[in-house]
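Shared between the two complexes below is chain A, which pairs with chain B and chain C, respectively.
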Partner chain A sequence: MLHDLCGRTHQVSANEDIIGEGERPENVHLVMEGFACRYKLLSDGKRQIMALLVPGDFCDLHIAILGEMDHSIGTGWGCTCVKIPRATINDLTTNHPRIARALWWATLTDEGTLREWLVNMGQRRADKQMAHLFCELLVRLQTVGCADEDSFEFPISQSDLADTLGVTPVHVNRVLQELRAQNLIVWRSKRLQILNVERLKAFCDFNPNYLHLTRRANGDSSE
Partner chain B sequence: MPLYFIDTDDDVLTVYDDQGQDLPGPKVARDMAHLVLPDMARQKLPDSDRRTFKASVRDESGTVLYVATLTLVGEWKVEPPAS
Partner chain C sequence: MSLQLQPVRVKTGSHDTEGQLVFTDGLLVAVLVRLSEDHEGKAGMWFLEAGFDGAEERTHPTFADLDAAQEWIQRRLDGC
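After this line comes the complex of A and B, so read on.
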């Protein structure tokens, strides 16, 4: 059944919103290829990106429960999504406990990631914050088979990265050159390569525990 | 929109802007130069008692249009504590 759901993909072109703030969509979107992001626009035109969504991530699972979107989801880079009707999500969560549990897990992981981003933004220096994001994306993309051992497609712009980290684009350019000068990363032709994964992880104190990639050992595997 | 380049220096690392920014005019470029200074200071401080952060705006022809400088001057009013 899940396979059937994922068969009806559609392409979202670059700079197109998947859902806008205030909308009440009838479908839940699942990213199949590429990147999407959660963002908010302020009245002065500033933008904050609060999450990067990679293949396998739900854009708006909670909309099956909540009334309307409190933020927008877009892709500055183009991505492929599948639309799952709200009624299907309701059916899955009601009648299929293992799937309901998986969706719950996905939501909790999103929250864990958001907490880590908050820590990054509040307490880590911009160079470590950026390094931490790169480590996170490597691990998340490896989990879904979209990264090799030390590199992944990273089509976003420096300006997008600035809005993700909450610093100016000029500073992003500066930090990138710092990381490059330390032989930590190379970002060229929309591909990010980490030159020494363990060294980059140590540099930013990366601990992937918040991604909850391992299941509880004691159980509930019967579900 | 014209392209402006914002070069930065924090006394340790000089970064030559190789990307450039599409901006409506030199005043917005000046604002960008101002805005990067607190980002740079946040990343570097605390450090020594003297540091200068600099951001300069260059146009496409290479002419430097504007230079913004943020200077930290710290001074002990007692005998400096042994490190």
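After this line comes the complex of A and C, so read on.
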């Protein structure tokens, strides 16, 4: 059944919204390729990106239950999604407990990631915050086979990165220069390479526990 | 305009070292830094490195020149 669902992919163009704030669509979107993001636009035009969504991430699973979107989901870079009808999600959660548990796991992991981003934003210096995001993306993308041992496609702009970290593009530029100068990263041709993964993880005190990648010993799985 | 400027060198951890302290009535209210060539399209513009008493902004604005920066700081001090 899941295989059938994943056959119906559609391409979302760069700078297109997958779903906008206030909408209540009939489909849930699953990212298959590329990057999408959760974001909120303020009345003065400022934007905060609250999550980066990579292949395997549900964009809007909760919309099957909640009334309407309280934020927007879009892609500044283009991505491929699958639309899963809300009725199918309801059927899966009602009649397939293992899948329901996996969807629950996905939601809890999203929350864990959001908590870590909050810690990053509130307590980590901008250079460590950025390093932490790079370590997180490497691990998440490796999990779904979209990164090699030390690099991944990273199509976003410095301005997108600034809106993700909640710092100015000037600070992003300075921090990138600093991380490059320390031989920690190379970001070229839309590909981010981490030159020494263990050193970068140590630099930003990265602990992937919030991604909940290990299964419980009782055999419950995330799939 | 009641603001006074004083050139200063700022250690920002980058090539952006040319700065101006901005005073109002003898009190420091902002630190502006001129963006270096590292910033390409924004090189030469003035970045609000720090501001006080209303002349701060979480998103640290960038200004085309010192006049624009001072106008913004003055507006903030005036409570606008």
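Just so it is clear, the second predicted complex is superposed on the first by the 217 of 223 C-alpha atoms of A that agree within 3 Å, B and C clash if a C-alpha of one lies under 4 Å from a C-alpha of the other, contacts with A are read in each partner's own complex, and residues count from 1 in each chain.
One rule holds for everything that comes next: contacts are C-beta pairs under 8 Å (C-beta built on N, C-alpha and C of every residue); 3 or more make two chains touch, one makes a residue touch a chain.
Just so it is clear, the structure is predicted and the values come from calculations on it, not from any experiment.
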*asked:* Considering only the contact definition stated at the top, list the common interface residues of chain A for chain B and chain C.
replied: 168-171, 173-174, 177-178
*Complex contact set, residues of chain B against chain A*: 6, 8, 13, 15, 17-19, 21, 32-33, 35-36, 39-40, 42-43, 55
*Which positions of chain A touch chain B when the two form their complex?*
125-127, 158, 167-171, 173-175, 177-178, 181
*chain C-touching residues of chain A, taken from the complex the two chains share*: 46, 166, 168-171, 173-174, 177-178
_In the complex with chain A, residue positions of chain C that touch it_ = 12-14, 16, 35, 38-39, 42, 47, 58-60, 62
